[in-house]
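Take a look at the structures listed below.
Two complexes, one shared chain (chain A), two partners (chain B, chain C).
Showing the complex of A and B:
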């Protein structure tokens, strides 16, 4: 299944529970203080509160909630009898250092053989909002936030399944980012999960900011223009994919979850398709499929037509096109590329700027550049229409990553069509389709269910059939249990 | 790495081709109509209507266009084209041509050698309508504008309209091709008459024998009858009949109907001495659109009208066939049927000489199926 390249495959546990050095607690308080200060490089926000001669409280000021300390930690210390009630009993000083960085408060007393840890971390997080880039009309409007625990909570709340597995690991030698892999134990294929951890075990880097960082380390083909993992900020999308036997990777500090193994068509589906009735869902999916074709092919088709095969378009249209093209000084390829570059610049500028100024960009781009360029005869009217349609079509895709990929691929296709006309488009698309058919996501075919073709799984690719017809799970991620439902409409048969 | 370099080099080689076969739309001069005439010394005169776009229109709004007409004389069509290209500031592009007009004299000769180039060059507009013009094609196309519409478009639209009314057959350069090469079938082209300096009229069907115009033109309803006899039909056709000659007011004498072809059968019979006889049975459904005398709810009257109209149409059909045989235009493709089903007879007889004298019996049955909202 997987091509195992040479090299040492370190055990899974090596990275799941990174090997820690052992250093047990010193009997003397002063030694402990000295050790902790040293291992935290005498940082000034490390507070060591001396409660008495032999007792001290340790915490990192910037990470803890002072209310927690005064309410919980101090009360418990004061009210202890023989046994102290604490969250964690730690004897290893290295482990204690790590927990301090997680926002724990430690109480060390010479009378105890362990350090008592209290979870007092400050929960600074924004509220749950709908993700900006993946809005939907109907259905859950929750989105992931930058807090890992909240994100897992969102997933767990949607699937109250005891088999939901969350496996933590720490990636990034220096950033020590907490990363969670979520999957459903009795659905996800063991081989794929093992392969994931095998690949993750090689991801020795010093800093990980988001799953996007990890993506490039574990993706099958990083040189492919197509993303082989689905990045989403929607818990419902994650849950739906977990239920098909896929896994999700979430990293602390990032609202993005990565789903794999994924196929091409997952990028054109939205939760909206499933939250609406099937006819509406089909209608929308069909339009999105069309928008892919427009985004990838329309500019090149236009170029091919006006520079090679204008006889294939109707007479009136030829005259109209000729009318707009007649006095444009540049060949169609230059026209198209320059217009698309303008468009990309505008959209890039509008993304980076604060929204009040971004509106100005819209006016400048749409009105000034759009009309002036045509009036100055630099670009033809028809090309503006084509480019605008292409842009709208590519922005209609629910995952922006795929929209950009498609827009990007239209450039080589345009060059091909300007050199060879329709033949160029055919060859260009052939190369793209060959690549799509060959591409794999964690060893599963990327272009399934079209290649390899599985008719019964085409129920939600181009159109979406009623949900009760989805009796089996897609075979792409090779789930352990392939049956999804019984007969939800059995009542009709049993009448 | 080496592999990568190789791929890069191969990909870049494509860029070196330099778009050698590019044909930019803006560099081509669109020929929208072409007229062909024969000159005194048997050379071909090509009259091309070329659509040009005026500079002042810029890129915005509706482009201002005009028709420019160029003529050139040469031995072959390609020769005339290169002469025109010399006068023209662009490439001569006849691949969006709408009409090809043949002058009457030119059509009278063998037309195949002249339009051969249209079948040979894959880029040509095979959908262009092929018509015969009274007089010369140059005269017709030189109207430039007919009633404020460009002449080629006007001809094209007039042809489409008359086709829908079942007055002329729907022919294009493509559709006459098999008939041109087939000895067993002849064809007819629309025939256009010039009325005055800026109007014309699609008069009827110009009958062809083999590959040349016979000089016979079926005008008006004759054409309709011929098309129905051959099983061809447009959207509908309007036919009027004088069914009450005894009425005083002329309008009362007539019934006007819209006819629809229901069924057409052509039977070719050959006896042992190779005598060919043909029976054509046509059934038409008509709806009455104008009949001031009314009272069609009366079944007797309806039957009388059915019979009367059938009789008149059959008589008309006999006359049409007489004309057809006189012109020796085997429009029904009887010869083709002989080749297919009676090859011995076909070998035995000389078809062009036999056709004018064979027995063709037409029979048209008409049934009134609708009377509008009045009975």
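Showing the complex of A and C:
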């Protein structure tokens, strides 16, 4: 099944026309029935309803809505005169099998040369809710759900643009997951889209559950700790990124959309910044940038100060720190790492548990572990403060993935600072920054607009200027049309 | 060519970051030994000398557009002599890299990590330089430009020192040490300001015309010169001539006395920040030497050179234990820098003109 693809480019465009075998309808009904039953391994939820000697109805019971069949399908079959009104006319039996799996009902009659297909799939879906992981204060509260059509509908409703392109493909040789790639034809760069499809054409796997499965096949650097595609459940975030010339990938059965090519700063922005006044937006973004610095650097800075450079902090503070550290028997690095492990355990336990028990975890974690550990002199008070601040800072990032990455990176930095103090931190940070400079998302620099530095595009990185200043689209995704606005405040000049 | 091109702006920062480095910290007192409190004039003079060297190097490169110095020497001197000269260049770059790494490690040991063995410090410095230097030119350019931000912080920090007493009189009378001494002092300053050799290798990969590159490289050199003059004057204003003679790294001592409500020992913070420009100039020489070795020995592939060159530097570094040996080494490297920044380019230029290899037409574009 998984034939390795040989040379380059061979797999190009193979996704668009899946190598489907041809098998036209048999003239005899019995042969058709036998073929369909065989290709669906005689599954017991395949229902074949004999309407007469020469006519039959095929559907998979578990996938169809019985109301649809009685209301639509049967009425149409009964009321047909010459021509049957149907959704699809199929002559290929393999295609028919696939459509049966999509929830179609087929009507085959020996008097017809084709099988008449009716879309009767049962639409089992939850209602549209605000995503749990990406809540915002102001702005749209819609979130994606597990149904692909609904998700595309949500995007299309937000941008009624005829140039919005949706390209379907089926990935997963056994799971046959429907995946949609969405982009705006006259914005997204052709090279990037071609590159995406070239990479997707190599994604031959048996099972794809969510875009997360695809992500690791197509992202540039799998070994990097930084996510190179933005995973979101918010349609407004998807639309905003589509409008900058990026593309989104949505898979059926998952509420997550993947956006690429993305840059680092997209992970610290939220729709909130743009729905508030710009000063408030800037304030919040600035705080989030600060939270990254705290999450990545505070524990290591603390370790460096208390174990190497007491002289940096003023004398009074040294006394205060010494007071809390005096009775702690372990070096600061052990303290910090053990506290961070406790913290990770608590957050992990609280995530998985049902919410009533999760509260217990909160009490156990906060009161019992937090206070008892300090009172037992296992960890110093100041370290508890540092670790708590680090945790809060990393959870302040709007995309949890980035928060986790940042928290993860603080560990090697802590080790470096416990070995070499401030020097270790600087060397560690240099390595991280070089990695960020090196990283690319679909051939576009990841750390833009800081590296390569583009001053004019720094309008919404660590601050957000008023929206009318965003005259051009960010050049990162190399959009075809770079101009975004006219003169929204031209009225002032024309007074 | 596997290297992608870089922009003019990035060229500016690459030259800037390559020139700025460890040399600054001891510069004011080094210069002082010859030219007394006219040291800042020596620095200025050194900047002008460097500018002339840049012009020389640029003139040579301009005659062979799209070629790096390694290719040029093979064209001008023929295959075998050219190869020999390239190896000399590579060895020079490697020695400068070794010197920078050693000075760097010694400085860290002296100021921050007194108990860490020198070899361990050398190891982390070289490991970081290896990680940074093994990336391609475009990534390096991005990194150099990103980290140039810290230079601004380091310029601001000495301002705090001025809140204490400083004395204009220390600078006067201007010109008391005489032209000869000032020129002697300039020699010390030039050593601290080399690093512009990077243009010999990266200029072919810069977008835009060669005229623009000259402008940006000169601008970078000017920035470095002014910055060094600024630091030198700052040190001379605050320390009396008697003090400057004693202290080895006046730029750091400048900040040592400053303290705030929340932060003390600004010198440690400054030094931690200054690690970045020090590393970038180390990485520059690592890049240059690995390029040279790759060009002469591995058909341009840097795959192997990036591994064995740092290893060589590390082993070399283990042999230098005493300060005296370091001083001698530093002296030889400083002397050889004139050969490779003035003598060799000049020789190449003259030979290329004599052998009619120099392309005048392209230089007028």
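Criterion: the second predicted complex is superposed on the first by the 486 of 495 C-alpha atoms of A that agree within 3 Å, B and C clash if a C-alpha of one lies under 4 Å from a C-alpha of the other, contacts with A are read in each partner's own complex, and residues count from 1 in each chain.
Here, a residue touches a chain if its C-beta (ideal position, glycine included) is under 8 Å from a C-beta of that chain, and two chains touch if they have at least 3 such contacts.
These figures come from a predicted structure and were not determined experimentally.
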{"item": "Which superposed partner A:308 touches (first chain B, second chain C, both, neither)", "value": "both"}
{"item": "Partner chain(s) touched by A:352 [first = chain B, second = chain C, both, neither]", "value": "neither"}
{"item": "Partner chain in contact with A:418 - chain B first, chain C second, else both or neither", "value": "first"}
{"item": "Touched partner set for A:380, first chain B, second chain C, both or neither", "value": "first"}
{"item": "First, second, both or neither for A:332, with chain B first and chain C second", "value": "first"}
{"item": "Contacts of A:324 with chain B and chain C, given as first, second, both or neither", "value": "first"}
{"item": "Residues on chain A lying within both footprints (that of chain B and that of chain C)", "value": "308, 311, 315, 421"}
{"item": "Of all residues in chain C, those that touch chain A in their complex", "value": "7, 9-10, 108, 112-113, 116, 124-125, 128, 131-132, 135, 139, 141-143, 145-147, 259-265, 268-269, 272-273, 275-276, 279"}
{"item": "Chain A residues touching chain B - in the complex, by the definition given at the top", "value": "305-308, 310-311, 315, 318-328, 331-332, 374-375, 377, 379-381, 415, 418-419, 421"}
{"item": "In the complex, chain A residues that touch chain C", "value": "308-309, 311-315, 317, 420-427, 430-431, 433-434, 437-438, 445, 447, 450-453"}
{"item": "Contact footprint of chain A on chain B as seen in their complex", "value": "14-15, 17, 19, 21-26, 28, 30, 32, 51, 53, 55, 57-60, 62-63, 65, 95-96, 98, 123, 125"}
